[in-house]
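Pasting a structure here, questions to come.
Chain IDs A, B, C, D and E follow the sequence of writing; residue 1 opens each chain.
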Amino acid sequence: MDFTYTLAIILLPLVTFLTIGLLDKSMPNKLAGVLGTASIGTSFLLACYTAYQYFFVYGMVDGVYQKIIAYHITWLKFTDTLHIDLGVILDPISVMMLLVVTTVSLMVHIYSNGYMHGERGFNKFFSFLSLFSFSMLGLVVATNLFQMYIFWELVGVSSFLLIGYYYEKPSAVAASKKAFITTRFADLGFLIGILLLSWYTGTFDFVQLTQTSAIGTLESPAIATMGGISFMGLSVISWALILIFMGGAGKSAMFPLHIWLPDAMEGPTPVSALIHAATMVVAGVFLVARLFPIYAIAAPDALTVVMWVGAFSSLFAAIIACTQYDIKRVLAFSTMSQIGYMMLALGVSKYGGENGLGFTASMFHLTTHAMFKALLFLGAGSIIHAVHSNSMLDMGGLRKYMPITFITFGIAWLAICGFPGLSGFFSKDEILVAAMQNNTPVFIIAVVVAGLTAFYMSRLFFSVFFGKETKYHHTPHESPKTMTIPLMVLAFFAIFAGYIPFSKFVTSDGAAFATHFHWNVAIPVTLIAFIGMGIAYVLYFKESTIPTKVTKALKGVYTTIYNKFYIDEIYLFVTKKILFNIVARSIAWFDRHVIDATMNGFATVTNYVSNSIKGLQSGQVQKYGLVFLMGALTFALIFIYLVTK
Amino acid sequence: MNVIIFYILAAVILVCSVLTVTSRKILRAATALMFTLIATAGLYFLLQVNFLAAVQLMIYAGGIVVLIVFSILLTHHMEHQFDLAEPKKAIPAALAAIAGTVICISTVLQFDFTSRLAEQTTAPDVKLFGRAFLNYGEGGYVLPFEVISILLLAAMVAAIMIAKKNKQ
Amino acid sequence: MNLHSFLLMRHELVLIAIMLIVLIAELATKDNRKSIIAPLALVLFGIHTVIGFLPMESGTLFGGMFNATPINNIMKNILNIGVLIILFQTQKTFDSELNRGKVSEYFIVLFSTLIGMFYMISAGDFLMFYIGLEIATIPLAALAAFNRHENKSAEAGIKLLLSSTLSSGILLYGLSMLYAANGSLFFTDLMHGTYTITSLHTLTLIFFFAGMAFKISLVPFHLWAADVYEGAPVNVTSYLSVISKGSAVFIFTVVLYTVFKNYAETWQPMMYIIAIFTMLVGNLFALRQNNLKRFLAFSSIAQAGFLLLGIIAGSAVGMATVIYYVLVYVFSNLAAFGVVSMIESHTGKTTISDLNGFYRTNPKLSLALMLALFSLAGIPPVAGFFGKFFLFTAVASVNTTPYHILLLIALLNTIISLYYYLMPVKAMFINKNESPIAYFKSDVFAKIGLSISLTGMVVVGFVSSIYEEILKFCFGL
Amino acid sequence: MDILSLFVVVPILTMVGILFTKGLKGTRTVAAVGMGVQLVMAFNLLYQYFAERAKDTVSEMLFRVDYLWFESFNIHYSVGVDGIAVAMILLTSIVVFAGIFSSWKTEDLPREFFIALLLLASGVFGFFISIDLFTMFLFYELAVIPMYLLIGLWGSGNKEYSAMKLTLMLMGGSALLILGLLGLYFNSAPDGGALTFNILEIAKVSIPHDVQMFFFPFLFVGFGVLGALFPFHTWSPDGHASAPTAVSMLHAGVLMKLGGYGCFRVAMYLLPDAAQEMGWLFLILTTVSIVYGAFGAIAQKDLKYINAYSSVSHCGMVIFALLMMNKTAMDGAILQMISHGLMTALFFALIGMIYGRTHTRNIYEMGGLMRIMPFISVAYVIAGLASLGLPGLSGFVAEMTIFVGSFQHQDVFHRVCTILACSAIVVTAVYILRVVGILLFGPVRNKEFETLPDAKWYEKVSMVTLIIAIVAIGVAPLWLSDMIRESLTPIVDKLTAAAIN
Amino acid sequence: MIEGIELQHILIVTTLMFFIGVYGFLVRRNLITILMASELILNSVSINFVVFNKYLYPDALQGYMFAIFVIAIAAAEAAVAIAIIINVYRRFKSVNVENVHEMKY
């Protein structure tokens, strides 16, 4: 089967980007919107077709989903073995991601037609969206580490451009900068990881790297070698993978590289939905999943790191989310928390068969999360569109004004809380099962997070749609069709995505296995979620003074949490005070006043000497004669009497 | 006899030389110079190079000293007494001169002249000089003789050029 | 004596003839017709220059006192070209009231010094050498004092004369000892004589060296140069700094390479030290000058230091590079002096700061001066680059560490020199000036002179056969 | 006239043509036409080169032409190009072409300006086509010296000081070079035979070890000064800051590349043993250079200073990669030269345009330019992104090749240095985004700027030319990379052989 | 050759004379006296030549000739020198060498 056509999925957005980007203002807004949407729509259809072809027709050989290289060219050669190829790999996770990305992207495109209507940079926005779609699609189909790195950077820059979309707003500029630099820093780790890995293995290629033998070991001998070399207590392969994970952690906003994500909410809401909720931020998860065989088989230490980082981030973000008032920030922390969940799931997973439940769960949750979180964001966008504010304090009782938004948002809320029957319920359940089977502390954290998630999401939901009656300047109204249709579509997915038998398609080793529903996990966790929702109901469903009281009672703790544990401030201190003020300034000073001064010093010394010997040329001819004589005599003295032959 | 004459001449040369460079009256210095030059001519006579002695007397003692005296007359009041050389200037100069003397004399004395002393044949007479001046072959000096005339011409013209006043 | 001998001496003889013709012309013309003398001298000298290039055999005359060799001939031709350029530049000088009465004297004295140099170059013994040297010096002092109405000119004259007296005294003392030690003053005898080198020999070498170093203005024997260059009329300065120095460098090299061949172990280290000091002192003083002539004086001192790099190599290549550099230097320095003299004769301005904004009013002259300075600094595409590079090649050819260090010092000195060579360029092109030197129309002779210099500066570099031709006749230790 | 010499002749003819023009209009037209022809020729050369290589021509240098010049010194006018030289020529043609358009409005002494600019260009072209060290050096100097007038006369700010400093430091470098070159020359025939300046000939002999050790630092530092090797880079910030736009472009874009080019083509190729032995020392310097330059750029306020320090960092990376002495890293180094040449030229062109409008280069006095002059701003963002190594633009290709190549080094020390060097990508992002954030984004800080015009057509030509080149390399680097890699074979082979000894 | 007088003795005399001349040259203020000192220098040298010729190489005339030419040149030099000195006197109204230093540094 020739899968070359999959190239079109990726290239269509690129062409769109170039077309809209280059024509820019000479293209009518409407046309740009339609073009963008149409192109991603086509991509979406192609992705669906691909998925069908892959999962149901050609992908499975001998009961195992194959990795199919649909297309590849050598883009840049480093050495005979090391070269960057650009290509399309089709395997369960990439096909799954193709679907997720195109779906969400399409929804966001449609939504944006309404949301961004009348904006000055409407065309620019669409071209950037296309750029992002292109980059993200390129990332997920990457055949090798370096291609991934390339598109990794490209999604980074798209994210930068889109966060900074309102470039005249200083906070947006700052946020975009922060996002880019933080992820860039993480990418440094990624890059070094790649270098380290490739130095030993001599390849970037995923297929070669992750090739496993029948008995579940890696075929690459170099990786075994790397496992044998120890550096500071960890094997080199672990180091390499931890470094690579650092890149993933940066993109996926894992602690402590998460600081950019809340600020990234400065971007237009559709962007938040697409990039900072559904797709780009899960790239880290995808990266770990992509290299999962190595993590699981050769570098369990690295995988443990992944697990703990995931678990901690998940808890950390959930706690912060409980205190935030900005609707998008709550969602942002929620995203971080959920991605932590996915990481955690990967971390507790093993390779192969049912042991790979965590892997499957993680991918499953990735998919469902993409749907309901995109929905949440788009819903939030719809709300913001109506209220012209991001603050939950400015909202309340919106259910009356915006019924569609209310219902779809409600579905998403239930999905994320793990309400039985909705998508989140199933994916979360699998994660919890995987955690329980492998690591009890992590399982406990996961359960707590589940409860917290239910709490803060309910807090959000109640205070926006119920709660106090707020006086609005303009009566909020439901958003236009272009915005509500995507909401409805996504709501559909949020409900039913959970019913996909994921373990049939996406598994750690490509072989399908059956999952069982674990009531012993599902029931208690669901109960905990209900408790969370219940508390939120009590506190926020109606106007209540309890939250204020609680806040007052726990003042110190609350402030700390509200300020996100002051992580931002620590970063600010390190970057502004230390790196900028101390390091950079002193280097600049050193350069001017030491190195440059030394160079100028040569000139100064020359001038000084020139000035101090001017007396030699006194104008007195007799002195000249004296010097003459002395010169001759000195040479006579030297060469007759001092230099012995 | 010769020895005594030599030492007298040497004494005159040295004393008058010193006077030439130290005398505070310029005419006195010129006179001392003249005596030095004459004593030199005497030395040449002693060495039996009569032609040279004659040249020395004519050109040096006769020509140059007269020239110098003329110029003195043109530029000086006779009574004018020079100040003594200030030590700042004299001491380094004296030291340099002494050093030079020491170096040169010691170098000269180190050299083995004795083995090179030649048998004396005839003393060079005017005829010999005359032949040499007009000979253009081996051992002839017609070329420098002619060339020096260019110098003299040039010197003359040069002196005129500097001294000459504009016509108008 | 026969016709053949005359042909061998044709440079000198023709020049003497020209001298006489000028003298006769002076006597034969009326006062109001005197203005033809300068062009006459120029034309005659032009003919002389052309004659110089006619093929010539080599030979020895007057019992070895006069050598006519191809390399001597080349050197004389080089000097001829230089003098020709100077004559072009000189024409304008005689328009002024002050100088009109002294035209023929000027040329007679000038030509006589050139004759002196020629005899010095061709000298086969130290007597001719010394006479030539003195002819080339004493009348020059008079030329330096040519501007009777200027204190500086008189001062220059007396300084040159007195300094040269002391120097030739010391030189003579050395020569007398040389005679004592070796029994002859003929170069060939001295070269082939067998003797062990005693301290007296060394003394003669050092005194000879000092005497020549004076002529070439090497540190510490250079102090007269700047004052004289500054005070003398500009054309005399260019003559002094180019022709006089060039001829002295040549004969210095020849004598060192022949007569003092066996003393190389002494004079090479000596030259090593002197070269370093010369470059350094010349440069350090040049840095601080504002007067253009004085500036060029110090620059030419430093240039002399660079020339030593070629001599010190002690090889045919060394000698060839020295002569080649002299040729380059003739064109470059004369171009620089040419512009300076035009500026001085038209405006009376002589300092670098007067040049501010000069390019805006006189672009062509500025460019010429810039190229000349670039050539002196050794910057392509003008010939100075080739000249300097070859000198460096010569010194590097010794290929031992001390010589590499010497080369390095020389190279660092080129940086200092570049700094000050750029100063006039900066003044002309970059500095702003409310009232720059106004545009003036230079006389046609000066223009021709300048064009010859500039053409030479370009051609000498790129046409490799010039260097190869010189090298063919050079010799090493 | 052979295909290579034309690269020197055409600029000279253009200069002659300019002599016959009057006024800015004629001058710039002639210059633009001349350099347009040059650009076409460069592409033709590229085409010819590939055609020749396709014919399996294996000689190291193609299109060889050789005339004996100074017989006794065995100096030849000898030209020839390999893939690297072709690439550099291409780069130069593009930058010069863009530079001409950037100086479209040189009102003051336009003829002189363009002549000096073209002189510089012909020097650079000559340098890249030369095989003979003497001619190479001649062209090198020829390229450096017009800088003095270009900066001093048409520059801004403390231009006299900067021009002098730049000239003297660069000439200082070339002074060291002369020693090195002569050292090479006089050891070019250790077994007797004719001494030679020909690079290919010298490469064939093995120069004694101690000789190599003595001369290598001179050659390397000599070229390194022009390549902004720490700590000899200080001419660069001042020089760039004071230079007029086109000169900054050419200087940073092309002239500084002469340094890097010389480092490997002469110093390392001809003295491989010394390169291997002393490489570590310079490696430390360049590693410092990379990080130091980047940090230095963060603290600057002046746009040109920022770019100058960034150049120090980027050019440091060039030499850094060269010192890794394997094919990939060196390939990266050359790609980096090209990439840096293009993007820094673009940067300087843009800075020139911005400065020409706002009359300030202090980033804190500007802001929100994106709204006022979107074309320029977008171009600036592209240049910035190229600079911080965004895939799809040339910087990424170069940097990644360097990092991967450098990391291939067997020695741990070298790999540690590589990791340190990698960290520059973060710092680069910081200073680029800082500028973009302050300068282009945010509200318009100065109300007077509201009415400033966007790019004119000639400015667009300049920008678009460069951007196309940057994108072309960024998107399709393989042909270039392969061309360079192939040509590196003899050099790397020699270095490898030296490493084994 | 002077019977009973060694060459070295004469040389000591001439060398002393030479350096007396040099001393005078370096110390005296009056230009004319400086000129005189320089005559001493030249004179001592020409004695040297004569003596060497006489004592060591009597077969040829080189030394004598050199001495003659030295004398001639000294005369020419003196002539030019005096012309210049007179000129200096006119310009500076003095023949004190220390006043003649308009140009320096």
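Simple rule for what comes next: a contact is a pair of C-beta atoms (placed from the backbone, for glycine too) under 8 Å apart; a residue touches a chain by one contact, two chains touch by 3 or more.
Computed from a predicted model, the values in this text were never measured in an experiment.
S.K.: Among the other chains, which touch subunit A and subunit B together?
M.R.: The common neighbours are C, E.
S.K.: Quick check for you: compute each chain's CA centroid and the global CA centroid, then name the chain with the smallest gap between them.
M.R.: Chain nearest the overall C-alpha centroid, as shown: D.
S.K.: Determine, using the mean of C-alpha atoms as each chain's centre, which chain is farthest from subunit B.
M.R.: Looking at centroid distances, A is the chain farthest away.
S.K.: Between chain pairs C-D and B-E, which one is joined by a greater number of C-beta pairs in contact?
M.R.: Between B-E and C-D, contacts are more numerous in B-E.
S.K.: Compute the distance, rounded to whole Å, between the mean C-alpha positions of subunit B and subunit D.
M.R.: That gives a centre separation of 70 Å.
S.K.: Distance-wise, how many Å sit between the C-alpha centres of subunit A and subunit E, to the nearest whole number?
M.R.: Averaging C-alpha atoms per chain gives centres 97 Å apart.
S.K.: How many angstrom lie between the CA centroids of subunit B and subunit C, rounded to a whole number?
M.R.: For subunit B versus subunit C, the centre distance works out to 31 Å.
S.K.: When the centre of a chain is set as the mean of its C-alpha atoms, what distance in Å lies between subunit C and subunit E?
M.R.: Using C-alpha averages as centres, the distance is 27 Å.
S.K.: Two or more other chains in contact with one residue: find those residues in subunit D.
M.R.: Touching at least two other chains: 168.
S.K.: Among the residues of subunit A, which ones contact at least 2 other chains?
M.R.: Residues 603, 614, 617, 619, 621-622, 625-626, 629-630, 636, 640 of subunit A touch two or more partner chains.
S.K.: On subunit C, where are the residues touching two or more other chains?
M.R.: 127, 131, 134, 138-139, 141-142, 145, 148, 157-159, 162, 166, 173, 177, 180, 183, 199, 203, 226-227, 288, 419
S.K.: What pairs of chains are touching here?
M.R.: Pairwise, the chains that meet the contact rule are A-B, A-C, A-D, A-E, B-C, B-E, C-D, C-E.
S.K.: Going by the contact rule at the top, pick out the subunit B residues touching subunit C in the complex.
M.R.: These residues of subunit B touch subunit C: 103-104, 107-108, 110-113, 116, 135-144, 147-148, 150-151, 153-155, 157-162, 164, 166-168.
S.K.: Applying the document's contact rule, which stretches of subunit E touch subunit B when the two form their complex?
M.R.: For subunit E paired with subunit B, touching residues are 1-5, 7-13, 15-24, 26-30, 32-33, 35-37, 39-40, 43, 46-47, 50-51, 54-61, 64-65, 67-69, 71-80, 82-87, 89, 95.
S.K.: In the complex formed with subunit A, which residues of subunit C make contact?
M.R.: Answer in residue numbers: 158-159, 162-163, 166-167, 170, 197, 199, 202-203, 206-207, 209-210, 214, 219-221, 223-224, 226-227, 265-266, 269-270, 281, 284-285, 287-288, 416, 419.
S.K.: Which residues of subunit D touch subunit C in their complex?
M.R.: Touch residues, subunit D against subunit C: 69-73, 75, 134, 137-139, 141-142, 145, 148-149, 152-153, 159-160, 163-164, 167-168, 171-172, 175-176, 178-179, 182-183, 185-187, 214.
S.K.: Which residues, counting only subunit C, touch subunit E once they are in their complex?
M.R.: Contact set of subunit C toward subunit E: 126-127, 130-131, 134, 138-139, 141-142, 145, 148, 150-152, 154-159, 161-162, 165-166, 169, 172-173, 175-177, 179-180, 183-185, 226-227, 230-231, 288, 294.
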